[in-house]
Amino acid sequence: MTRKKYGDDFRIGDVYRTAAITVTETHVVTWAGLTGDFYPLHMDEEYASRTQFGGRIAHGPMIFGLAVGLVAQSGIGEDSVIAWLGVDKMRMHAPVRMGDTVRVTVEVKEQAPTRSPGKGIQMWLYTVTNQRDETVMSFEYRMMFHMRAGEAA
Amino acid sequence: MTRKKYGDDFRIGDVYRTAAITVTETHVVTWAGLTGDFYPLHMDEEYASRTQFGGRIAHGPMIFGLAVGLVAQSGIGEDSVIAWLGVDKMRMHAPVRMGDTVRVTVEVKEQAPTRSPGKGIQMWLYTVTNQRDETVMSFEYRMMFHMRAGEAA
Amino acid sequence: MTRKKYGDDFRIGDVYRTAAITVTETHVVTWAGLTGDFYPLHMDEEYASRTQFGGRIAHGPMIFGLAVGLVAQSGIGEDSVIAWLGVDKMRMHAPVRMGDTVRVTVEVKEQAPTRSPGKGIQMWLYTVTNQRDETVMSFEYRMMFHMRAGEAA
Amino acid sequence: MTRKKYGDDFRIGDVYRTAAITVTETHVVTWAGLTGDFYPLHMDEEYASRTQFGGRIAHGPMIFGLAVGLVAQSGIGEDSVIAWLGVDKMRMHAPVRMGDTVRVTVEVKEQAPTRSPGKGIQMWLYTVTNQRDETVMSFEYRMMFHMRAGEAA
Amino acid sequence: MTRKKYGDDFRIGDVYRTAAITVTETHVVTWAGLTGDFYPLHMDEEYASRTQFGGRIAHGPMIFGLAVGLVAQSGIGEDSVIAWLGVDKMRMHAPVRMGDTVRVTVEVKEQAPTRSPGKGIQMWLYTVTNQRDETVMSFEYRMMFHMRAGEAA
Amino acid sequence: MTRKKYGDDFRIGDVYRTAAITVTETHVVTWAGLTGDFYPLHMDEEYASRTQFGGRIAHGPMIFGLAVGLVAQSGIGEDSVIAWLGVDKMRMHAPVRMGDTVRVTVEVKEQAPTRSPGKGIQMWLYTVTNQRDETVMSFEYRMMFHMRAGEAA
């Protein structure tokens, strides 16, 4: 339990895969209730079944939330992250329906030093795929890491 | 109930303010459970009280989720949005603690035509503020809209 | 576990008291999420603190829901009710704040026969009180009961 | 966002229709947990499948809660209501099963002055219908409204 | 509502049966979120469908939690228990799938005096069965009871 | 992400510590709702404040559920467990109040072979402590593990 990683332990090109989770009606209804987003595409089966999607779909921002959670659960980077710096290029590529099972593939894409020795910045690309290996969402996630002493990114 | 808006009804520089919501311990615990993100900064008061934050703080992605939900509840754009195109430049500017009350100010920032007449793209800047009017999060939100006939963005 | 009651076992003037429950922030946030009622009097502490109530209060319909649930949990009438016929004169007499503890006093008020032997109708008055024995809500609850054979209400 | 309505803006005979929501197993299980009403007709499929209903049905009071929430979400009356005065004639006309989609039609039915100028009382009839346009519940909802100056209801 | 039982009222060999509850996807997802146990056998349908179970199954400890709750709801022993002393021999005999309906049969198995007059200890065997009357879990539950005056176990 | 452990990797005397979680009112209210255990010691602050505990306490079985979840989240044993064999000697040593922060210390206590080569049984002692390092619960947890080839426990 004293596994201790540093940003340096994540190298550009490294790829990590999380566990998967099945997105259920419970997720969608709980999400709507937590955030207040009751748009009929997510909550009204009669309406949604008449759209191009043919039925209710999950809220896009929930897929983002689940992706961040799946990486948190996986413990990747857990000990080494100092701060969350932001998200860019979040794109929804395909809808997620109830019953779909999603997981995240994380790829270390960029590394940059900071002015403080012992701290570095990395950008990880999160790609969310479903059970048919289709990409449903992707986004860039930037974090500040503890770097090994003297290696200051 | 037949209020019908088009993208054209949102003009660059228009500003909308949503209702506010108090972020509670229930939000944080439910978020952790829904997404699986049990990082101690959000869930372990003993740990969090020894950090720079002095106590548990809300998950950043939850503030994003709440912001999208507050705008959904407000009904702004409800009838006119065709699709959610993505999010950029999501940045957390200050922590949100349990008991803080947040709202969203939306500003219409960019408009662009599409190749399809009757459809246009807009970028809205979402700024989330707390009860002291401090900005806690901001992000750019892109959507495709129905435009009025013949006006094709 | 084969306790079997009939409507006849509840006589006009009988009074039953349920267990009590403390109404928490979790109840209020969950209620809002389940029903979609995010009115700021319940969800926005900044707003609510400037009203006559001085802070967030519980949704009135949730007190009704809790009252029905407290009676269900108590097992009163459990075996003998055939159908729920409706509610009248639901009135909110005082606000319920988070931290208040409510219970229900049920009084059998009216009994009427039906055309079917073995079935009768009763009206029970539900009075919800808080920890200071103040009445916060009351309503009339009508149910159809199994009556003992040959006694047809 | 500064839309401001008064009770006067709702005239007898006016009709409003809310969005719809699909009632799910999640709603029923969450309702049971929130209120403590675990009656087998709602929670025990084996039992419920042997009743006249042929399976679990939603709790009646939950349909009331959802109806109030659907109207709250719709924003009808939002700015103009001073207080909730009560509910009468709540009747369940047909069961709601998981998977049914319900919406509310509100009709302004009665208006009465109060002794305070600038305040008036209205009774709105809420009718809840399912995806087959069958009425499943109805009730009378009384509220006190801000009225336009000098018009004192 | 003044039913008052003592430990003496439960005699060795007495058997009680609780109400039943259908275990839903909502239970499983809520359990995972509350406890943080997101093992793929419970949360990842793709993975679970390739195991010997052929699909997601409920968390074993949740069946324990539900069993204790079903007995609590039933009101057996409610007035007479002083303290929960512990659980032994908890065994899972068969998986519980979503859609299964479980109930508890409680049998009074052992009784022992304590050094304090008026207090006694009993061990109750909890057996959880499903809708096919298969035993899915069993455990021994020890409690301290109020005993009738002078009867001190 | 291809870390693969076997039962052999856990040796008698090994000790693991999980992350900690603050037990909140949300946990207690959600637990009650999920399991149906609304005993006033957990749900009625007025009642609980007059007991020896001086206020509401968490349900004992929830501490068991949280302990199992904390170990699941920690990933200890994740890849190597074949089956959960049961729990013994579950004892509550001290109450857990809302606001308390609990973690689990797991100690490998017993190992036994099975008749199948490649499978072994271990008993791990789970000890749950609070923020003052007081033991609040303990129990023995038995699991069947994959063992390294030819080492058959």
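By written order: A, B, C, D, E and F. Residues from 1 in each chain.
Quick note on the criterion: a residue touches a chain if its C-beta (ideal position, glycine included) is under 8 Å from a C-beta of that chain, and two chains touch if they have at least 3 such contacts.
Quantities reported herein were computed from a predicted structural model and do not represent experimental measurements.
A.B. asks: Which listed pair, B-E, B-C or A-B, reproduces A-D with over half its contact pairs identical?
C.D. replies: Comparing each option in B-E, B-C or A-B with A-D, the repeat is B-C.
A.B. asks: Since subunit B and subunit C are copies that touch, just let me know if over half of their interface numbering is common to both, same, or not, different.
C.D. replies: Answer different: the two copies use largely distinct residue numbers here.
A.B. asks: How far is the middle of subunit B from the middle of subunit D, if each middle is the mean of its Cα atoms, in Å?
C.D. replies: 28
A.B. asks: Could you please state the distance in Å, as a whole number, between where the Cα atoms of subunit A are centred and where those of subunit C are centred?
C.D. replies: The answer is 44 Å.
A.B. asks: Roughly how far is subunit B from subunit F, going centre to centre by Cα mean, in whole Å?
C.D. replies: Centres of subunit B and subunit F (C-alpha means) sit 38 Å apart.
A.B. asks: Multi-chain contacts only, two chains or more: what residues does subunit A have there?
C.D. replies: Those would be 21, 25-27, 30, 34, 36, 38, 73.
A.B. asks: Report the residues of subunit B in contact with subunit F in the complex, numbered from low to high.
C.D. replies: Subunit B residues touching subunit F: 25-26, 29-30, 38, 40, 43-47, 56.
A.B. asks: Which residues, counting only subunit A, touch subunit C once they are in their complex?
C.D. replies: Residues 30, 32-34, 36, 38.
A.B. asks: Taking the complex as given, what residues does subunit B use to touch subunit A?
C.D. replies: 21, 27, 30-31, 34-39, 59-62, 64-66, 68-70, 72-73, 78, 84-92, 139
A.B. asks: Touching subunit E in the complex: which residues of subunit A?
C.D. replies: Subunit A reaches subunit E through residues 19-22, 24-27, 30, 73, 99, 101, 131.
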